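For reference, the structure I am asking about is given below.
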Amino acid sequence: MKPAFEIQRRVEFYETDMAGIVHFSNFFRFMEACEHAFLRSLDHELHGMLDGLETGWPRVHATCDYRAPARFGDLLDVRLFIDEVRPRSVRYRFEIAGGDTLVAEGRIAAAHVAITDDGIQAVALPDPLREKLLSFTHDS
Amino acid sequence: MKPAFEIQRRVEFYETDMAGIVHFSNFFRFMEACEHAFLRSLDHELHGMLDGLETGWPRVHATCDYRAPARFGDLLDVRLFIDEVRPRSVRYRFEIAGGDTLVAEGRIAAAHVAITDDGIQAVALPDPLREKLLSFTHDS
Amino acid sequence: MKPAFEIQRRVEFYETDMAGIVHFSNFFRFMEACEHAFLRSLDHELHGMLDGLETGWPRVHATCDYRAPARFGDLLDVRLFIDEVRPRSVRYRFEIAGGDTLVAEGRIAAAHVAITDDGIQAVALPDPLREKLLSFTHDS
Amino acid sequence: MKPAFEIQRRVEFYETDMAGIVHFSNFFRFMEACEHAFLRSLDHELHGMLDGLETGWPRVHATCDYRAPARFGDLLDVRLFIDEVRPRSVRYRFEIAGGDTLVAEGRIAAAHVAITDDGIQAVALPDPLREKLLSFTHDS
């Protein structure tokens, strides 16, 4: 299966820990960076406006399986796949590889919300975005 | 069920993001901080030595479900439960709460490894640690 | 000279880097955590309101001299001193020590601003806060 | 004056804070990322070996002046200048700009050290590296 999107990312020194490898929490940041670059590539404003309300994509679920360590200076490929497009949320899957080695696999479920005076409320994905996202779920 | 261990942690400004809430990746750091404080409470050296080899606890799996946002200045309770003690790994479960509100639930599976010249290799948990950990899995 | 405020802070695993010591950028986070705990102790809302405008404390300058490494598990004392109270900004000095060892010395200059539709604008410190801060600059 | 090196860097969501701008501590990470890419471009191993000892570049001083906020999605130019090459340390200067706007100016002084059984010890820069670095200090 072909990824819907892919970025390359050099591991920085400050992303390592005293075990000499990338700290596990940073893989979630790599995934989000890929998700945001993907949405940007679709001309979608990440913190946009909908009917006069600010919108955002808080996470409802995130998971990662660690297969191999990544080290300072490694050039990682972060690949995004779209698992499911729901009316008010998207489920992404990610593969993070260093060359031929699969380093990590992860998933993020992001809700689409509007920020109101009373807090946040899930709202439907805008149709143009929904259609673009769906196009990546067929035979992709 | 009573937690095996619990810490309190104030949300710092640098842990928030532009959505005004704690960035989702930081919950994995809160969980790890609790795990480390727990192991410290058992007199277990986190980066210790075993038969002359340096040992560590790389993560093989991490997951989090986000229930409610946490904000700057919130005082969070991070509760650790032991789901399973395996010969060479431990599975933790965490609840993160702000007062009466459950903010997040997570899981971390950590392997016990020795660092050799050839890389890392899973090794058995030391018996005293294993017994202490097991004591938290019965009716605790 | 006695510090105006002091916090203790355990070095977390995720704050170390592959050199086995605290990453230098994290000392700025330790200083800010101390500054915020100090302002909280004065009953000052960090992101408060002034004449209906949201206020904040963006940094205009930050510096740190590193004297000795800090390591995972170290218990650090972070001490805050007030160097100068200006009409619309405050200059803090910090000492970070591990036991008897001075680990780092730093300075942060923070502007007091209001967030308007046109951006941010420096505004005078509220009088009660200004007086409290000044009280720490005399023979303290 | 022409920079010795320059990188471009997109501001990530996790680098912002609740004030909606890049957290001030992250500018030190941007500078270090540029320094490391620069040393990599000179074929210098950042964590190399010298006479059988592991070497590194701990920071002895870091400072930053903040001129304008940087926001999520901004494409920043990070420019490195070499202020001074000493026998056992290097002093860098950085300019961080977003388009025509100077966002921040910083300095980092990094010591060249070898890690011995007794701790760390400053050691002379390798001659080839020293000469390359010096070449950037003349009319560059």
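For clarity, chains are labelled A, B, C and D in written order, and residue numbers in each chain start from 1.
One rule holds for everything that comes next: contacts are C-beta pairs under 8 Å (C-beta built on N, C-alpha and C of every residue); 3 or more make two chains touch, one makes a residue touch a chain.
What you see is a predicted model, and the numbers here were worked out from it, not measured in a lab.
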item	value
C-D compared against B-C, more contacting pairs	C-D
Pair from B-D, A-C or B-C with over half of its contact pairs in common with A-D	B-C
Cα-centroid distance, chain A relative to chain C, in whole angstrom	33
For chain C paired with chain D, centre-to-centre distance based on mean C-alpha positions, whole Å	24
Centroid spacing, where centroids are CA-atom means, of chain B and chain C in whole angstrom	29
Multi-partner residues of chain C (at least 2 other chains)	13-14, 18-19, 21, 25, 29, 32, 47, 72
Touching residues (chain side chain C, partner chain D) in the complex	18-19, 21, 24-26, 28-29, 32, 47, 56, 58-66, 69, 120
In the complex, chain C residues that touch chain A	13-14, 16-21, 23, 25, 71-72
Residue numbers on chain B that touch chain C, as the complex places them	10, 12-14, 29, 32-33, 36-37, 40, 46-47, 72-73
